[in-house]
Structures are given as structure tokens and as C-alpha cells.
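Take a look at these structures.
In the two complexes that follow, subunit A is the common piece, with subunit B as its partner first and subunit C second.
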Partner chain A sequence: MATSFKFKPLTISILLLFLYNAIASSASGSSSTTMHTNNWAILVCTSRFWFNYRHMANTLSLYRTVKRLGIPDERIILMLADDMACNARNKYPAQVFNNENHLLNLYGDNVEVDYRGYEVTVENFLRILTGRHERAVPRSKRLLSDEGSHILLYMTGHGGDEFLKFQDSEELQSHDLADAVKQMKEKRRFKELLIMVDTCQAATLFSQLQSPGVLAIGSSKKGENSYSHHLDSDVGVSVVDRFTFYTLAFFESLNMYDNASLSSLFTSYNPNTLMSTAYYRTDLYQRRLEEVPVTNFFGSVMETIHTDSPYRAFSNRYYRKSKTEMPSDQSGGGNRRALKDLDILEELADPKLNVRPLQSTYLLVHEG
Partner chain B sequence: MNEHQGAGARQVLSHSSVYSSVFRIPAIPPATSLPPFPRQEPYSLIFDHRLVQTETQLQCAREWRESGSLTPTMAEVAAFVKPKPRPIIRIGLFLISQSLLVSIICCVAGVLALLLLPVLAKNTYISENALMPGSASPMLSSADASDGHIFLNKIMSMDSTSTNTGTEIPEMIGKHIIESGGEVNYHQIQPISDNFHPLQFFLGPDVGIVQENYSCTSYGINTVGIVRAPRGDGKEAIVILTPYNSVKTTTSEALSLGVAYSVFSLLSRVSWLAKDIIWLAADSRHGEHAAVAAWLRDYYALSRGDLEKNQDMCVASSVLGHELTSVQRNGVSNGFRRAGTMAAALVIKVADSSTGFEKDGLKIYAEASNGQMPNLDLINIVNYLAVHGQGLQVRVEKIWSLLDSWWLYSLGELQELLGKVAKSLNPDWKFGIPASDYVEGCATLASSLYNQALGVPTGPHGAFRDFQVDSITLEFSPRFSSSQRVLFLLHVGRLVEGVIRSVNNLLEKFHQSFFLYLMTSPSRFVSVGVYMIAFALLIAPLPLVAAALFSDKLKSGKDDVSLEPSHPGESFPTFTAWNWLHTAKTVLIVHLWGAIVTIIPYFLSQFPNSSPLTNLSMWIASSLVGLFFTCAASGSLSISRASQLQIREWTLLKAVTVTAAFIGLCLMSVINYATAQIGALLLVPMCLMAVPLRIDMADKTMKALLRGACNILLVFAGFPPTAFLMMRGALDSFERVRIDDFWNWTESLRAWNSATYIYICMVHLPCWVLCIRILLLRR
Partner chain C sequence: MSRLESCLLMFLALCSVTQSINVEELNEEFTESLLLRPLPDRKVLAHFHFRSSAPPSKTYGRHHHIFPKSIYQLVHKFQVREMELSFTQGRWNYERWGGFDPISSSNAKPPGVELWAEFDVPQDQVDESWKNLTHALSGLFCASINFLEHSTSYSAPQWSFGSASGKLRYGTLPREAVCTENLTPWLKLLPCRDKAGLSLLMDRPSIYRGYYHSQRLHLKSDEFGASEMSTGMVLEQTLTVVLRPDTFSGKALQPSWSLSSLFGRSVSRKCSLSSSSNVYAQFEQNLLFEGDKLKEDREALENAISVGDGFEDNPLFELSLAPKRVIKESGNLQKAGSILYEFSVEDSNEFKPFDLGLNWKVPVAWSCPQAPLQASRFLLGSGNERGAIAISMKSTRSNNVERTSSYDENECWLRVGIFQMVPWYVKVYYHTLKLFLDGEPQSSMENIEKILVSPSEDKVSTGVLEMILRLPCSVNTAALTLEFDKGFLHIDEYPPDANQGFDIPSAVIHFADFVANMSFHDDSLKQVPILSKLQEEVPVVSYTEVLLVPLTTPDFSMPYNVITITCTVFALYFGSLLNALRRRVGEEERLLNGKGARKAGPLTLMISKLSAKLRGKKWEPPKQSESGRSSSKYKLLAKVVLVAGVAAAWQFYFQ
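Here is the complex of A and B:
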């Protein structure tokens, strides 16, 4: 919003805004002019069973990352289709690792799983996106986003051409996803949405999207498999997928004050190490990726507006670009705690430590 | 004119029923023999396909239509003027008319397809995602292996000290299990009599038949150790089975116990178990299979009350009465201990001497009763872990004598050459394997086929398969001096641990991979979809030939009527379509006789101490007497009656015999494919060739004489004892073949409840007798 109106005369923008206020029903208009005020993350692991350990580890790793970068637990919807931590086959009870060095236990003390086990269904997922819940569903399980929200939607599991498998029994199709996103757009449930999918043929899941403000990245193109990164021979399963592994590697060097752009994330994927081609779709997205910091989606870093009068703070027609950027206070206690832990976790979680990607193709599990 | 109208009748009826078009139309009595068609009958009669339509009727219909007195609806016209029957019927008719050529082609193709199976074999692959063999590094350390070694030394020393009553070893195993944290219980088994009980043939071994005259010392004692999965739900279990003879334990049995102990003690410490582990040290003094089967029966059947009563009898006094400390006593239970349903069972054996292996070898036995196989995934994970994890050389059984056969080798070279030629024509065509691989594949395939056809389990794993538990026997052949035993224990222990960890990952029963397959090497298999082709080709001519013979007979029957009107009395019952019922009765009676032959050995077994040869000859003699009486009672095969007509009826008799053989083979292929396949190889040529010798003699052409000679040869080879002895001789050597082997062989088939026995007596033998009957028909 700030950049798009940067060079335009102020008067025009004021006139336009008056116009927009008059035509309140125009959804697209209102969201494009609304400020980015909050961040949400929906993290979904769709597969069950012990041999899909890595999908839960992927999701928990992302969970840890977005929490570390400032999205509080109450704004993260975490969906885990199975409970690997308490699986009888887990050699390390109540612990989940995403690296064979076992330095970081992803299943620590403050993991809030919102949907677990058989609650992770296509129906529930679509209800979360569209916000059409039964009355009894608590607020903590709802996506309470608004037209100023940036939402990160991360999904991992087994997929194929235009579908993602849920729970070994049902599928989310690309049409379903596109339809839900369209509904969200019309209900002004987001300002911008980043969909990140780690599955085989992930790119096909985006093919039906048509709502503006949506950015999508997938681990592989149509016809490609996504592979697991390495096998933990102690636990006896593959613990992380390649795409997620390199995503995490990118974020581990960042903290919430860094200004790394989305394009630097998207170009960081090397098809040789990934063994698939990361595909991103930008045609629905208005801003230039070079100008969008990754913390716009993976963190919760708000621009604080310095105003003379506190009562006029949120009226965006008197908006002036502030020069200082600070973490917003609205993310609350969870945010601060994450900040405190930050440095320790960074030391522990460097994924480059002691990793040897196994070359044997047998050990590479694909997601197709 | 008449011919033309007959064709018209066939056309009209054909779309209502296939059979009517093929069989019923010619069966209709000639129009002349019918009363005149009542013209005043309603028009609808003519187009009602349920009614028999004669040429006369159709002629009437045509006349009426042409005169325009009644206008049929469009649909009726369409049905009437339909030019030809459907293509499938035409193809069927064509095949029937060419039945000789078709049957030659099909039989040759069937045998060729069978010989091509090693080429068509696919590489095995692990189908179930959850198994993930080898993804976890083995945890069994050399310390565990040396513990196992100490354990085996103890057993060996115990065996060398005399006064062995068979309770010391179970006691010691129990003590060790408790020390490593498992639960123990002892299970006593009685020797089961292996008498043949025809009524319980399909019910499995008898439950609860206890021989009274056995003393306590003659009971075998199974030692059962159980490790509960620390965080598992206790609903499933994996079984390790080590059979050993508690009275006289050999070194190899002690080695297998050592392996099991080192794995078991490791598993009692690990935190990743999701399924309970059962270690069954089965006392094999009354036979390995009997001990395991008895334990399994009690595991799945016996109620609690029975158990406690049983336990009080002997085991409690013999084993539990010994010096057990109070701590140990807590772990030992009088009751029968159970874990969950069994996911898989591994039988660990060590061969006495390694034969033909360059390094430590592993031989996999998988065939259970009636040709049932464990899921292929179980063999795959064992093979994968043994080859890639522990560097063992893996084998499945093969028939060694086939390896040297020149004809197999030249066949192998031929297919290799063909493969090369095909590749030079088009690089994408890839078939053909090296000739030596082909011969190996054939030898393994033949062994696989033979063991499945026999229907007798190749090891104690067979007892598990009776309860739908997937299990295999792993027979290790160590190649070492005794100083390297620890290393051997380490390798084998790690393999067993790896397999158990892999099965532990399983979420459901084994179901992903194949159950119906033949192995051509430990890593190659032929699935059911491929090997059924050979069988299908082989039996395809049977229904065709039956149909051809039947229609020929009907045609000739018609001719006979027209030629010989001088026997008006006989013509009606002899030459109607229902004449085949008489021959069917004959065939049915011979099959009934087969059932009698099946149960004769039960009566013979009532006479104890008779030699196998006596039994065999008694069996044959009583069967012959039985045949005579059965036929005399039914009067169907009596030589006196209507002997003139017999020679003409041979085609009918052959048609029904061929049909019976076809039905029998099809049924058998559902129960045990391998038996049906081997049976078809013997039965199909015999049934198809059978022609009365008199006809051949009368012909006096070279072809006819050759056919007669072939017939005699086939019938000679088709007699079950000669077929068995010839097969024995061909695979082994003719010097060692004795006639009474056949009795012993059938006895073992009966003892193992093999359906092959039923097949031989109730399908093969009656068809053989009927073929002889056809050959010997008189003019």
C-alpha cells in the first residue's frame, strides 16, 4: 500500500479513498488499500502413519520458525494428522526431530496443536479457511483474520496432480483450494496470502487459483517428485523433506529484524539439491517480490506509525510513512518469549551441523 | 431348402441364448417327425423365443409376413432379419470347428509359457511403505552377541552332561528370559497320532486327542518368552521361533537358540517396540511342526480353565518345581500367556553344514500347506536386509539335478539369442536373460512349483500359515570355525533384529504385496497374473474339444437316423440330445469311485505293522474291486449291455470326461494352482488324445498307429504311481526309486491334509480310468 501510492499525488488518493468508503461493498478495493495489520499462519501436516514422520517434523519446524519470527501461538493454526511424538515406534518418546543430530526437539513444552489426528480433514481445513464453523468451535481453532491480514498457509503431505491427500482417505483438490481462497477474498479474510506446499507435483495445486493477492510456492513442478532430505538411522525414518529443509536453512540465519526479501527466499532453492524444481506463481500478486520482506508472511513485523494524536492513529487516510520499524505490541506475550529464546535456539538449530544428505536413492522417500 | 431354413432358425435364436444356438437347434427332432403345425395358433407364439421354433414355424412366419396378413412391429422385424449372430458366437463356433488345431496350438503355447516364466519373472520390490527395512541402524552390539554365545555354551555344556530329561534346557531358557525382563510360561505338548481321519480332513489336526499312555517325561515342553512393547497397545505380536530337541540338542540348534536369545535380550531393552515379541523355543522331540502347531492351537483356542488344569499335570512338577528364586517365580506363570495377534513369525534355524555357499548363507523356506505362501513383502525384507545389510548369500530352494540338464541350458541359450536378435531389431525390446540365469531360474521355479503342488509345508512356518500368520523359515548356513561364532551371532542377530524392526513398523497385516507367486530366485518372482496364462492356455482346449465332440456326435447321430431307419425303437433314446446324460452318469460313478479310493487308506491304516508295499498293493487291489462293484451296481459300465453302441458312444464319453477333467482342474487351480498346473500337464494330453484303440487298429495308417502308441504311453505315464516314480527318478536317480515310496508319499500328503491327495484320487484317477475305458472300448 505504501509503495503503490508513493509517487501519486496525495489528493488523488484521498479522493479515491472517499470513493471507496462510499462503495463499501467493493472487496478488492478495500483490501488493497487496507494496511497490513496482522499475521496468521496455518500449518498443515496432512499425513498419518509412522513412516510419514517427516511431514510432522516439517510442519513443526515451520511452526517453530514462524513463532520465532514473531507470530504468536494464538495466530497459528497448527494441524497435525498424527502424533509421532507418542507413537510407540518412536525411540525418543515425546520428542520429534528434524535432523539426525537431534540437537533440536521440535516437540517442546509450548507447542499448541489446534487440530490433531482425525480432526485434520479436508472439511475442517476448508472451514478454517472460509471461517464457517459450528458454533461450538472455540476461538483458538478459528482463523480470525481480517482484511489487513497476511496469511501463511503451509501444507505438507503426499500429493499428486492437482490434489493433496489428507489422512490416507480423502483429498484436497486444487479446485477446492481455489474456491476456498476465493471465498476468503470475498469475505475479506486476508490481504495477502502465501501458500507454500511441500508435496509431489506441488505446483499443480495452484493451477486453479484466481484471487488477487495470492502468492504460491510449491516444492516441485508437475510430473516431479519431492524428496525427503535425509534419514535418521537412529529413529529409523526420514526426518525432513528437502524443500522444507532448505526453507528452514534459509530462515535459520534470519531474525525478525532482517529484511531478506521473498525473492531471495524463492531464488535460494537450488534444483540440484532439491532434486525438484521449486515453482512459484506471482501473477496474482501485485507487489514486487524484491520489495516484500519474508517477515511479512513468516513473521509478524508491523510498521509502527508515529502520530501526534493517538486517536487518529488507525485512520489510514492520514497515514505517513514512519521511519522506524519496530515489532508491534499486538503480538503480545508469546512474541516476547519467542524473542528471548531466539538466540539459544539459533545456536541449537543450525541445520548445517552434522548433516550428510544420503545419496542412496532408496532412502529418498518421495511424496507422490 | 431345408438346410437354408435351418440356418435361419439358428440366426433367430442365437441372440437369445448362446447355448441354444450351438447345441439345441440340431437337437430338435426333424420337422417331419412333428405333428403338423397348428396354423390357427396365435401369431405371438412365433416370436416368443422361449418356445422352440422349428423350421416349419419359421417358414410359416415368413409366409405370413410376405402375404401381409399381419404386420409385425419394427423390433420384431429387426430381430427376424438380423443377418448374423454376434461376433463372439461366431468366434466360438469357429474355434470349435477348428478344435484340433486350436488344442495343439494352445497346449504347445501353454508348455512354452511355462518354460518362459523365468524370463517373465520380475524383480521383487518392497511394496508396503510402512516397512522401511534397513532405515534404522541395527542396535545389536557385539556385547549382545557374546551374551548369546555364553548362552549357547551353557546349553551345549548342559547337553553334554548326561541324565537329560528334557526339562533342564527349558528351565534355563526361562531363567534367562526372566533375567532379561521378559515373561515366561511353559507349554506342554503331547505327541499327536498321525492317523488319517477322513472326516477331519479339512478341519485341520484333531483338537484335544490325548494319548493316555504317555508318561510325564515324554511330554515336550515349549518355552514361551514374551516382551511387552513398553508403549504399545498389546494388540499385536511378532514371533521368533527356534525349534530344538530338548533331549538331544545339536550345535546348530544351540546356535539358533543363541541367536534368538541375543535378539530377545536386546528387544527387552529397546524403546521402539510397538508390537509384543514372543520367543517360542519349541521342543521338537515330537516333531517341529507338531510342537508349533500345538502351541498355536492353544494360543488361539484353549480356554483358561483347560490350561490351568493342563499345566498342573506335568510341567508344574517338572519345571516349576525346581529351584526358582522368588523373584523368578513372579515372572513364570502357570497360565497360558498370550500377546496380541501375530503379525509375522520368523523361524530361525541353523543348518548343520553349509552346502554350496561361498560365504555365510541364508536359505529361505516359505511354502506352507496347500501351496499357500506368506506375503512376498516378508521375503523381500529378509532378502533385502540379508543381502544389503549383513552381506549374506540368500537362496531359495531349487532342484539341483535340473541345473545340469543340457536341454534346459540349450533352451536358455535359445531365448538369450532371441533376446539379442530382438534387441538388435529394436533397442527398446528388452527380454531374454543369460542362459545360466535361465537354468537357475527354471530349477528354482520347478522347486517352487513342486513344493507348492505337494501341499506339505517346508518347515514349522507352515503351522503359522494355517492361522493366516505370515511366516518363513530362515535357515542359516555358517561357514566358519567355531571361534567365529560370535561374529555369526552378530550378523544373524542383526538381520533378525532388522526384520523385526521392519515388521514392527507395520500398521496393518501384510497385505500390499503378493500372496500368489512363484519364486525364480530370492529377488525375482512370477506373479499370479503371469503364471495363470500357462495354465489357462493348457486347459483352454478342454471345453472346446468337448463342445466339438458333442456337436460332431449330434451331427453323426442325425446321419445315423437318416441312414438307418431300420431301428425305430432304439433311435429315439440313443440319438436325442439327452443321450449325454447316460455317459455323464458313467463319469459321475467313476468319480464317486474316486471318493471311495480316497478313504480306503483309512481302513488300511487300521491294520498296524504292515509294510508300505503291502499297503500299496492292498490299496490298488481294493480299488480295483471297488471299481468293479461300483460299476456292477450301477450297471453303466457293464460289458454285456448294448456293446454294439459303445464304440459309437466313445465321442460322447470322451466329451464328458474332458468336461469333468476341465471342471476338476479349474476347481483345483483355485485351491492350489501348482497342483493344477502339474496335473494339467499330465491330464490334458491324456484326455485330448484318447481314442479307442480299435479305431486306430482298424485305420492301419501310420498316423493312427502313432496315435495309439502315444495313447498307451500317456495312459501309462498318467497312472499316479508311475507318474510319481518317474518324476522321482527324473529328478533324483532311478536307482534309488522304490515302489513303496509312493505309499509313503501319499501317506505324508494325507498326514499334512494336502488337497493334492484329494485331487489325485478324485480328479486325476477317475479321469485316468475313463481314458482307459475310452481306449478299450469294443466294437
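Here is the complex of A and C:
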């Protein structure tokens, strides 16, 4: 009896150890083994008043880029703190330009702004990130991401050392942002997060982040200002900031299926033309930047996979529980960022079936 | 056997009869139309009208192919009986554009967002449904309509919106911006979106460049009625724009325009889902009256008699296309009614787009029919403590006034209904209500027929004033004043641009005795939705201006100022303290002497020479020991002389 008592604490401790290991491995393994499901974009412009036209133009330029590369309006949350396009001071109503040649109307015909005017507050911003809304808030105003989402968070406005100013009356501090991202990670609201900040001393805003899977780039380091690019004498104000201007210059040459990687984007910023240093931190991000295509965050690529017929592909004979194993590097990739283990591939590899491309149906798999 | 056969035959006959009675095509329907009307001040009114209807879901089911699903779900989730939502920018100019026709009564809306809704739920659930409805609409239309959820921003009018059930709620946001993001989801409710049909004309920069634009959505549903005869759901969407054509035809002549010059586009594709697509050009009776006068003058001159119904040989204008139909309004005794020319868009395609144009031949001026009283509202008083709101109404002496109430020989009364909603921080004292008729203050309240006041409660509810005034018909001006105190908000309740001021929403002035509608001889015109809408008897409504009240705002930069002043005080205190403690008398001079012992500068030499010459003494190079002291003295003297010289020169030359 005495010996059994001695063994009991030992067995309990061993069991606890195993349990801890199991939990730890599942937790750490989850981020690398969950499948990438969809892409979301949260674009925030925090400045009000006509002389901050360029912040609106920055945000709308990113909005246009992200929409053009494939992310639909349902997965974009656009927050604009003031109305510039139909502002009484705007000589070109319903038009917002980011270049003085006026070639591109950023506002276009179909724009959907989710949070407008006085709704752009720190409280609403943190509610979007953490997902803690009142019950009546409609779906179009919520970030409905899941654990496989890649989220692009772009913020622009006036900022400073460890803060971002919202509408000249409130501030978002860097530890607020870090706390919100930590909550998002705990609630599994993203797989990977790219934070892009275009303000003065932007790099200080993400200095407190600690959650894994987060990549961040700011337009300037601590002590540096971010500058606007040029002044449009027709509209009367500066129309775009330098960091966003060069980001757009990079993206305008891309289309949806291009393979440009994040490292090429990050290294394309020249401190001489930016007049500030674009600082980025990759210590929380496991993958190598050369292997991550920009459309993983800035676009949304749908890939089609041929199947012979839908019913046969998913018939009971071939059904098996799919393993959620994804290769972490996409170097084999190129265009074929395929799923490795769904039954379809088993199906296709089966020599008994003749895969006839003409009469098959297309299975749309959301990949990017 | 024969009886059985006859019974069977009769039974069959009955069956067939009942079947033929019950055969009623239950169908969803969508129609679109555009009404164009030239306005007297060289502008053009364009009114788009889209109507979708769905049969009741009890008989038709829940799957629709034309009626928008989001609206259907909205009606069912919140049990809405009637709802109207409008987004407006600009002010409807009642003096120039008229206030008595059906279009201005239904489509002249206050700036910003206006929402009213009536629900089919028990009385205690109405507020909850209103709150949820505002949130759902804010997500649907990309506007911050959710700000209307707080009880401080909506009210429950009893008399002003036609329904006295107590289940109607009204709210408005005067400062809401209206732009493409509000038009985008509104157009997505149409079956053809903005890809075909009349909505192709909606070029965004052209619409938002207008002097007034208002998009409105009116929803009516009978889904929850107990009666069998429910008519289902009707969704009516209208966009009213007042544009100025770019063409310049001379100072006196009205500008000629066409659809492509107004909108930059023409209708190149027809919407196949709409059962009718028409464009109407309306010319008002006053304008036609001028035309008739001109024709008579010409005929008198030429001694000719002209024949024709007025289209081809109109002396005033000419239209570029031939109309499908000419619809005449039945006018009153003095003048003929307005004329509508109907054009069909059915056969437009890419090679033959529909583009209607109007050319004016002679300069002409006319006026639009006005509401009986023209209302305006303004603030009185100054300062940040108190003020007064005044509503002033001026009689327009319009001859087109048609009455529905009986004309009393002895007393003729003009009934005016006023509805005003005031936010809680403008604390109105309703006992200070004063009425002035033709400038004379009225002591008795005999001119107030009915009044309903719901005073505001701080941070809980708005103040609502509804009243029906009974004014004599011969009145020239009438005015109402109400005094108020300005309240204080909590620091967190101030908007970011608090120094602009705070808005008091528009007041609604309605004339219950007058209806603005057009009547046509032909009853078959009721089938066309826009014409039936024009024939509907709507009461004449006008909105006053929005008032901007400056309230006391705290010094938002206060922390910065406090820090600056505190730091300055500290700096001065510590600086002088340290100075006083550390300084030793005479130490400065010794330091200076030490410095001066090294060498004497050229300036000091020159000055010493000068002083020697003046004194008449022989000049000696100054000794080293003395030089320090004298050089410092001379330096000081030089500096003083320099400053004095500069000051004198400044005074002299720049005065």
C-alpha cells in the first residue's frame, strides 16, 4: 500500500507531462499545419479634414490594389474617417486622385466603405480586430476571419512615437495594438498577419508585438518623419504619401498570377526616395520572405482544379479523412500551389480513371 | 343515372368556373422610368423612378427573382410595415423649383440621412426593432445610420407622418455625407444593377456635381396583415438630381441639353427584366401658358391659325426625338395643365442609343407653383448661454392652390402642421412659445389648434414639438419663436470636429388641407407606376433648413497648454534660484579681464583712438592691464549705440 502511494504522485506527474507536451505540440503545430483559407484586408484611414486628403488617397489606393488583385468587398473592411470625394472643397466630385496627372479615379463606381466619419474610433478598430461587437452589428462590418486567414492591416494617418492618432481626438498606442493582436492569436482569428503602417515614426507602432505569425513594415523608423510625395496644385493638397506611392508603383506592374515575393516588395523601398527608412520586422514570422508571394496578403487567387465529375470525386469509395498537412515552404510552387492531400489528387493519380479534361467540371479551390 | 350525370356535369362546370376565377397571375414586377423637367433657373431636374413589387409570400413563396433578397429579409426580420430612407445633399430651392408638385413634396428631403419606419410588432418591442433596423441599414447602405439607435437621436411623431399608431419612429442625421458608397449598394438592389437600362445614365461625377441630389428608398409591405387581401411588398427607389447643363446658349436663352451632355452617357442597353422603361419630359403649366401667349401673339401678328396639339410647332422649344405618347394633365379653369411627353427606351441598343435632347428657341421665364406658405428657420440671439429658434412663414399667394376642405364663407383657415425635433443639449423652453401674425404678437392661443410637446430629457431623449396651427387665409407672414438654453456635454461626447457646431435637424412643415397631385383624364395611365405615383394624393410637405448651433467646447488642447505653462514657471523659478545661489559679485569682470588680456581687437583700438582725438590727448596703444576693462566698456557702449541707431532708423524710415 505504501509503495502504491509513492507511485501515485509519480504517475500523476508523468501524465501531466504528457498532457502538457500534447497541448504544446498541438498549439505550436497549429499555425504551421492549418490550411490557408482566405484573405482579408482591413484598411484604416484615421485622419479627418481636407488637408489630410493624402491619407484618404493612400487608403483608397490600397483598396483599389487589393480589389484588383482579387479580394472581394465582403472581405475588405474599409474605414475612412472623413469624406473627401463628395466634400464641398473637392473640385472633382466623386473623384479621388493619388497623382496629379489625374489618370486614375480611385473612387470609381463601386466602392463600399464600412466605417465612415465619426465611426472610425479606436474602440471600433479594436472591436473589429478582436471580434467583440454588439449583437446588432451587421456582418459587413465584422472581421469574420478564421484560423486559416491571412490578414492585411494597413493604417495611415498621423502618428508618432508608439502611437497613432485617430481623428485628432484619440490615440491608439502600440501596446493596445499588440494586445489586440495577442487576443486575435489566442482566439485563432488569423494564420498570418501583415501590418503595414504609413505614418511618422511608423516602426514604433508595432514595437510591442509578440504574437507569432505577424509581419510588420512601417514607413519610417523612430525619430524619422514620413513625407508626402507631391502636391497637386489643381486639387490644392498633397495627394499621396511617399511610402504608399512606391508601394503602388510596385503593385501596378503586377497582375493576379504574378509571383513577386514579399522580400522583393520590402527591398524595393529606397531610403533616398522615401526620405525615411522603411523598417520591417520579421522576427515573429517563421517563413522566409523570398518564398511568400505578395498575393498571399494583397490579393486573392482562385485556382481551378480539374475533376472528372463532382459526384465521383467525392464518392464514398474514395473518401478518407484528409490530413491537414501543408508544406510550409512553397518553393515547389510557382503557379501550382496545390493542396497535397485531398482525395481529388488520389483520384487523379488512379490509373483506372481516365481524366478527360473536356467533359469535366471545375472545382474552384480557394488557394490564395 | 341521368341525375348522377347532371350532377357530375354541374360539378365540373362549377370547378371550371372557380378555376377561371382563381386564375390570377402572381408575378414580381419591375419598372423603371425617368422624368426630366426644365427648371426656371437654367437647371434641369432628372427624377429616376424604379419600382419592384413582390406578391405576398403566403401565396407566392419566399423565392424571388427580381425583388431584392436583402430587402425581403429585412422586412421579415424586423417586421417593417412601411419605411422610408433618404440620402440627400444640397437644399431644395423651394422658391425657384417649386413646392406644390408631387415630385417636390415626395422628393425634397432634408440634407443628410432621414429614416422613418413603422413596425408591425407589439408596442414594447418597437424601440428594439428600430435599433436593430438602424444597424442592418448601416451595413447595407455603407452609412453611419447606426448612430440613430440611441434614444437621443430618434423620436416618435404622432401626427406628422400619416400614421398615429405609435409604432412609427423617425430619426435624421443632418451631417452625414452622401457619396458613391451610398449609391453603390442602392443600385445593387435593382435587377439590372447599373449595367443596363436607365441606371446606365448614372455617371457618378455628374450626379454628385449637381445642385441637389437625393436618393430615396420607400418600402411598403402587407406581409404581416391579418387580412387575406394583402398586396405583398412594394419597393420604390427614386433618385432626384438637379443639374445644370454645361452648354451656354447666350445670356437670355435657357441652355439646351441632352442626356449625353447632362450625364455624359446615353442609354445603350435596355434592361430586359423591366416590364416598362420610359422617359418622360414634363413641361409645367406656367411654361406652357407662356408658350400659348407667345403663339397667340404670333398668330395675331401673322393672322394665321395654327393647327396641332403643340408638339411640332411649339414656339418655345423643340425635342430631338418624337414622343410615343403625349399625356396632358387635366388643368383647372385658368390654365391648361402640364404636358408629359413619353418616350420609350425599349428599342435602344449599342448602335442606336437613346439620347433625348431639348433645344430652346426663345428666351422664356416662368415660375413654379409654390406651397401656400414658404417656411424658413433661423436662430436668434448670440453667446454661448442661450438663444432662440424662429420659424417664419411667408405667404406666396399662389394661384394654383387647390383645396380639398370645404370653403367656409365667413372664415377661411389655413392649417399648417409643424414637426420639430431638437436634441437634448439645446434645452428648449416650450412655455416661451410665441406666435406672431403679420408682425403682431398673439396673446391668446386661439391659432393653435393642436399641440403635442415632449420635452427633452438630458442624455435620454430629444425634445419633440408637434403642432397644428390655424392661420387666417389672408395672413401675409407668420412667425414662431422658442427660447432655449445651451447645455454642456461630457468630454467624451464631443465629436472630433466639435468647434464646427451642432445641428438641429430640419423641421417638417405640412399642409394637410392641400394635396399635390396630378390628375389625368385617361384612367389607363394608372398602370404606369410613375404616373400612378404622380396621381397619388400626397400632402404638401416642405422642410426647413438645418440649424447650426455653436456650443461651448472645452479647450481640447488644455493638457498641452497646462504642460507648457507649468514647465515655463518651473524653468523660471529654478533658473533664477540657481542663478542667485551660484553667482558671485565681481566674478564676471574678472573673467572678462582675463579674456581681454590676450589681445585688443581692432574695434577697441579704433574707439580708443577716436576718444583720444576727441579728448585731444595723445594716442597711446592701450596697456594690457587696462585694456580689458576699457574694452569691455567700449564694447558695451558700441552695442548700445548700435541698437539706438537701428531703432531710430526703423522709426524714421518705416513709419
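Everything below uses one rule, namely that the second predicted complex is superposed on the first by the 272 of 368 C-alpha atoms of A that agree within 3 Å, B and C clash if a C-alpha of one lies under 4 Å from a C-alpha of the other, contacts with A are read in each partner's own complex, and residues count from 1 in each chain.
Operating definition for what follows: a contact is a pair of C-beta atoms (placed from the backbone, for glycine too) under 8 Å apart; a residue touches a chain by one contact, two chains touch by 3 or more.
Quick caveat: nothing in here was measured; it's all calculated off a predicted structure.
Peer 1: Should the superposition on subunit A be reported as showing a clash between subunit B and subunit C, or a fit?
Peer 2: Here the two partners, once superposed via subunit A, clash with each other.
Peer 1: Tell me the contact category for A:W50 with respect to subunit B and subunit C: first, second, both or neither.
Peer 2: After superposing on A, A:W50 lies in contact with subunit B but is clear of subunit C.
Peer 1: On the A-aligned overlay, A:A136 touches which partner chain: subunit B = first, subunit C = second, or both, or neither?
Peer 2: second
Peer 1: Can A:Y118 be said to touch subunit B (first), subunit C (second), both, or neither?
Peer 2: Only subunit C is touched by A:Y118; subunit B is not.
Peer 1: In the overlaid three-chain picture, which partner chain does A:Q167 touch, first (subunit B) or second (subunit C), both, or neither?
Peer 2: A:Q167 contacts subunit C only, not subunit B.
Peer 1: Decide which partner touches more residues of subunit A, taking subunit B and subunit C as the two options.
Peer 2: Touching more residues of subunit A than the other partner does is C.
Peer 1: Touch test for A:C86: subunit B only (first), subunit C only (second), both, or neither?
Peer 2: Both partners, subunit B and subunit C.
Peer 1: Is A:D234 touching the first partner subunit B, the second partner subunit C, both, or neither of them?
Peer 2: A:D234 sits against subunit B, while subunit C stays out of touch.
Peer 1: Please pick the stretch of subunit B from 225-233, 315-323, 405-413 or 549-557 that overlaps subunit C when the two structures are superposed.
Peer 2: 405-413
Peer 1: Once the complexes are superposed, what residues of subunit A are shared between the subunit B interface and the subunit C interface?
Peer 2: 49, 86-87, 92-93
Peer 1: Give every residue of subunit A touching subunit B within the complex, in rising order.
Peer 2: 49-51, 86-93, 231, 233-238, 363, 365
Peer 1: For the complex, which residues does subunit B have touching subunit A?
Peer 2: Counting only subunit B, the residues touching subunit A are 129-130, 132, 135-137, 229-233, 270-274, 501, 504-505, 507.
Peer 1: Where on subunit A is subunit C touching in the complex?
Peer 2: Checking each residue of subunit A against subunit C gives 48-49, 83, 85-87, 92-95, 107-119, 134, 136-141, 167-169.
Peer 1: Subunit A touches which residues of subunit C in the complex?
Peer 2: The contact residues of subunit C facing subunit A are 89, 131-132, 135-136, 138-140, 142-144, 146-147, 149, 176-181, 184-185, 194, 204-205, 207-209, 494-497, 556.
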